[in-house]
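You will see subunit A twice below: alongside subunit B first, and alongside subunit C after that.
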Partner chain A sequence: MTIGLLRRASLLGAGLAAALSGAAAAGEYNLTVDRVPVDTGTFTRIGIGYNGATPGPVLRFKEGEDVTINVTNNLSEPTSIHWHGLILPFEQDGVPGISYDGIAPGETFTYRFPITQSGTYWFHSHSGFQEPDGAYGAIVIEPKKREPFRYDREYVVQLTDAHPHSGDRIMRNLKMMPDYYNRQQRTLFDFLKDSKEMGLDAALSERGAWGDMRMMPTDIEDLQGFTPLINGKSSAQNWTGLFTPGERVRLRFINSSAMTYFDIRIPGLKMTVVQADGNNVLPVPVDEFRIAVAETYDVLIQPTEDKAYSVFAESMGRTSSVRGTLATAEGMKGDVPDLRKPPLLTMADMGMAHEGMDHGSMNMSGSTHTMPDGSTMKGMDHSTMNMPGGTHTMPDGSTMKGMDHSTMNMPGGTHAMPDGSTMKGMDHSTMNMGSSDPFYAPGSGLMPAAANGGKFLSYNDLRTQKPLYPHREATREIELRLTGNMERYMWSINGIKYADAEPIRLQYGERVRFKFVNETMMTHPMHLHGMWSILDTGKGKWNPIKHVVSVAPGTTVFMETEVDAPGQWAFHCHLSYHADSGMFRKVIVEGGPEGKAAALPVKTEG
Partner chain B sequence: MSSSRILGAVLGASLSFALLTSGLALAAGSHGGGHGMHDMKIGKPGDPAKVSRTIEITMYDNYYEPESLDIKEGETIRFVVRNAGEFVHEFNIATAAMHEAHRPEMMMMMEHGVLEPDRINLEAAKAMQASMGHGMHNEANSVLLEPGKSGEIVWTFPKHADLEFACNVPGHYETGMHGKVKLSH
Partner chain C sequence: MFTRYAALSALSAFLLASPASAEQLFWGIQAEQLEWRSGEGSEAFAWDADAFVGTDELKVVWRSEAEYATGPNSFETLENQLRLQVPVSTFFDAVAGVRYDSPDEGPHRTYGVLGLHGLAKQWFEVDADLYLSEYPSARFEVEYEGLITNRVTFTPSIELDVPLADDEATSRAAFGPKLEVGGRLSYDLLDRAIAPYVGVHWERTLGESGRLVRAEGEDDDVVSLVVGFRLMF
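Take a look at the complex of A and B:
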């Protein structure tokens, strides 16, 4: 990536000059699709890349320009490029079988479309498993107007999860044995430990419940054994971005992984989130954030010391990590933090709240506790859970009897309760009662907490800086249950896989409210092509505008879409192996102006 | 300092950031730092009859023009502040520590719906006032303006102080909306 870095640095200068002179010509770009070597330091293999490398180049567009992109397929199989998050005519969207026929071996396909937005995006193949094999690159679009924040320098930080096996081979293995890549299965020893902690009946019941769901509490990453990379480099290869102390630096994080969510932090620095999925948000200062597969987040940092800071990304399942470096000179290195303890899925992540499950001796049909965020924690039967000890006053005035911290064994930070008392050592991965993130099931094992005890970004913190559409009532609601059978590695929507499903038909001009009900125990990053996904965080016209909406287990999440792009589009889970096995739909937008093809006068500037 | 205006802005930003970090300890120890407008350390509301000059401040998203101020010790200035951006902005003269202490109050105003990105919701402000005993601040060292609006401050600067002008609308300070006040003889 050294060449890429130089290219970026020089392009940044060029971009500034162009902006000052006001020049904005139509840009022409050339990409070749090649077989390329992948070297992570721990393994080497042949993958797929662009212009001879993976990740491919950073494409720098300007808002308002018309781009022409010539893509030459040097592979011996068909390929395609999808421009992830870009609003464009559907024939240019790059999904074989939906937008066009794809690009045959030896063929050059020319994409032409207007750039009507700005921000950080990416591109990738939408054919087979070329994307997990390395076929991705970044897109940076310079806005027409000055952005509502200042920075002196910028870097693309593209995260990927390179695997020693090819995508085809991984899919075969998963189909044959869904836990093939799950190295953290629970053992008899774990079971005995559970029994000791929660009682034999409860342990048996929970184990039974997991069995019914055909999953295990460690099924957070169904694909392990990968090497995470930052801009193509592993921790040892140490991608480095330079800064001068005091400069404000913009980092454009892109998660181009096939399957991996990352929790990202820069120990010693606060990050201010200024964009999500390419759209400006009201800036949020955070200590750490989670990036779903296919999302992008832009953050500003201001390192003041003459030292090396580690950009540290830990996989959500804590099976691997990657460190990059921000430093004042090449060759400097910061610390590589240890991996935190792997989270375990809880009963909450099994969606017990809405499934008619037999809770048996867990007996969770009891009282309801109002949590600080107003959400409720259903039915903990304290007598069965048997937690002797002190009494905690909850914000609603009720008391929470007898949490014995020694028995529950909850290491971790300290939570200040609204009454000023502190609640020591709750382990978020186990109980998670002090936190409040409506985008995780109450009591979820997946809810993240910042390593330094500080602020962890939630979807709930995101507010668009500028609504793209007038806020209005949705014209109708479409329920999409995210479904699957882990035992057979089948993923679907409403219980039907893509091959057997009818397309979703939308009418041009309507505003559709999608209701995602996640009935699986995996987190799914849902991606609708061609139209914006307005995530409902209850902020009305300030709801954030995204292209990927991550839906955690046991939760229901709503997003709304202004149906303003005629044609047909893909709509799918962005985990490569989930999409391929059937969690995928074709969306057909009916009606609309003839030949209008999405070139709508949508305001997209910051 | 370089003749380049951009570089100058960068230097200004980094200087003020250094102040901010050194001011953290102070902020932690002084309760209600944001209410310190009567504190002589930052100066005081000025007598309009003693104004020596008028400085025009234009607020954009999210930065000021000019990006720093040169002022004489004890000088009384009339600031004419115009919000030329699309979001609500503040022009507030204080120490970095006071700005830091003020930001949670602004965050609370946002959470109560008083401060919307592009307007000030007076109804929500009244509700906040009724339920919490306080709502909108009306302090002589600051002016909070909706897009398109203008306001004025007359301020007498002290002899010695490390002052910044800043916008404490959530996220604006962090993304660059602050500048240094240089006091000279």
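Take a look at the complex of A and C:
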């Protein structure tokens, strides 16, 4: 009923546009925010949705139209809607306390903004834990011009991580016991197995090294115990998209999870990535890709056989999976792969700061490793770690020769440090030396690999089709260290949580280079509102344009932003419980079109 | 003059340090031990529990420890503490507070509490407290959660209570420590909220305190079998 109304409203908008040719089209949309039931088949609870459902409706906009969206809050608490990835006036961005006051219970707030872009995006609440509780929907924006690829049909594939606990309860549990939801901790049996495989001494020293830091190699997902859904449906409920053999199908993947990264594949089909975060990229054929929380990827597939294919998404920590189906008729089911073995973090993922990591040249010599206890391990040259029988150059110039890495089998091996101390339990056996990806720490346990041994998408493969901005040197660099204390479940930027932080001040007209140094052992999807994030993959003007930049543990990642949107914006880790506990900043853009404020910044934040 | 200046600067420091947005308040209840002890002619209910409310920077904790003997229907020990906890390092909180002991037998005692609470290397949960009064004492508690599987946990614990002065009315003599060693095997039945367990609890009073305990006609060495559940909410 309401969706019917919505469709009628958008038809009305289109009709109006036709009548007033020449003038910008104006689409009007109505959304209600409601308490809705969530039924995953394994649990039911009351969550939050739009127009009576979660996920809410797919909003279809047209590039160039002016939209009016009336949002009625039927909850007994304030709400908000943030238009994720949309470039719009900051008052319309939907972040309570930054863009506006939010939407009071019973109130209807009208958003009005022009649609200046195209692609796949999404919308969600920015109030409390309404988003993890189900308040999200998809946005599809049709471009003005022809796209550089063709397809016969399209589907939105929105991934979410429904949890039986409410967001508030999850946060409280995490604060009380940060490993509350980690049911993949290493047990006595794992220890016995390790002892058998690597010897008791090695197993003990490996355990000792982690225990020394009070960290766990299984700390990959803060939140387990959720049921992943595709378009609101669990594996058993089996979301199905139909195709006719030979058709080209566009899948618009959106990760609207609160906390979960997914690795996605369609066994038997190659996917061609054509858009990342709504922007066209040079097509990349892949077998599998990882989608960070809040990212979107559009892929093309061309199934030729008359059969069912599973769209299979595994959580990065391999604690859960969901499949949907692409089939030639309803009710068909493809094979569902088993969950792969959970990865284990390695010492490379351990809160080490890789200073001066140059993604272009991959030259990492002179990097500094900050150990969790604050001491540093300088100058460890990881670039040589890829050389069989390579040499470790120590800062004092001495070398550690003859270390045979060719076997890559050093369970529980010991690295001698210049001061004579040792770093035990570095597990080289999990190092994936075959494929290197500059967006993972060398030797990272999180390094993904395609299930069929084929191509796994890397950020390094992304190359924009059309630069949105003329390429120029950044006017300044702002270093943002991603920090936290996992034992207290406190997350922060530069060691300061949002509640205690000064806003980041940018000047209208400047181009800022953000340097993310991930000092934690978790992966953080960093999201800047209002402006594009140009991810530095060393491709200059062809660097991909994104709204979420995922920073893996132990890495340094750069992104640049043309500061072209006046006002106040949010900038945060998109993992809901990390953002809420402090990995969040307000960004103030000073100056604007009237003033054309001077682009001569002096101060570097931090 | 000096004190006024100090007060003023303390106030301004407080105002400047006040957060840009409201601190979130969290709360929780946790009972590490909530059990029935049975051994050598004595049967008792016992608990070791705490509840907290606070922020990342400051927590108010109510800690309660007791042993209620069902034979005489009396609290053999009953101890309540109100503690303030502030982080002093990555893994440790400093503790300050008061402790009030009110067993049915014996005198009631009030102590000031100074301590450290946190997670030591290798995941040992540590409490080290100094109890200050006319009859000071020190207490050191260590607990370790050993995962057999991701739901079955073996939790060994050691508690050492050392009187630093004679307190004959409570059968304690200076440096005559009381040692409690426990081992509990639990199963996470409902989430982490309820975990029933079985285990062994051993109490031994040593040195001069042991003699005082024996003089009272009590045992200085008690082994009990325990059945109970851990609670967390």
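Going forward, the second predicted complex is superposed on the first by the 465 of 606 C-alpha atoms of A that agree within 3 Å, B and C clash if a C-alpha of one lies under 4 Å from a C-alpha of the other, contacts with A are read in each partner's own complex, and residues count from 1 in each chain.
By definition in this document, a residue touches a chain if its C-beta (ideal position, glycine included) is under 8 Å from a C-beta of that chain, and two chains touch if they have at least 3 such contacts.
What you are looking at is a predicted structure, and each value in this text was computed from that prediction instead of being measured.
Peer 1: After the subunit A overlay, clash or fit between subunit B and subunit C?
Peer 2: fit
Peer 1: Return first, second, both or neither, reflecting whether A:Q302 touches subunit B, subunit C, both chains, or no partner chain.
Peer 2: In the superposition, A:Q302 touches subunit B alone.
Peer 1: Just subunit B (first), just subunit C (second), both, or neither: which does A:A329 touch?
Peer 2: neither
Peer 1: First (subunit B), second (subunit C), both or neither: which does A:P285 touch?
Peer 2: first
Peer 1: Have a look at where A:R172 lands relative to subunit B and subunit C in the superposition and call it first, second, both or neither.
Peer 2: In the superposed model, A:R172 contacts subunit C only, not subunit B.
Peer 1: Minimum C-alpha distance between subunit B and subunit C after superposition, to be given in whole Å.
Peer 2: Result, nearest C-alpha distance in the overlay: 46 Å.
Peer 1: Go through subunit A and flag every residue that touches subunit B in one model and subunit C in the other.
Peer 2: Overlap of subunit B and subunit C footprints on subunit A: empty.
Peer 1: In the complex of these two chains, what residues of subunit A are touching subunit B?
Peer 2: Checking each residue of subunit A against subunit B gives 146, 148-152, 245-248, 270, 272, 274, 282-285, 300, 302, 304, 463, 465-466, 542, 606.
Peer 1: Flag every residue of subunit B that touches subunit A in the complex, lowest number first.
Peer 2: Within the complex, subunit B touches subunit A at residues 9-11, 13-15, 17-18, 21, 60-63, 85-87, 116-117, 170-172, 174-176.
Peer 1: Along subunit A, where are the residues that touch subunit C in the complex?
Peer 2: Those in contact with subunit C are residues 97, 171-173, 175-177, 180, 183-189, 208, 211-212, 214, 485, 487-488, 490, 497-502, 580-581.
Peer 1: If we count contacts the way the header does, which residues on subunit C are in touch with subunit A in the complex?
Peer 2: Of all residues in subunit C, those touching subunit A are 17, 19-24, 26-28, 30, 56, 87, 90-91, 119, 121-123, 146-151, 192, 232.
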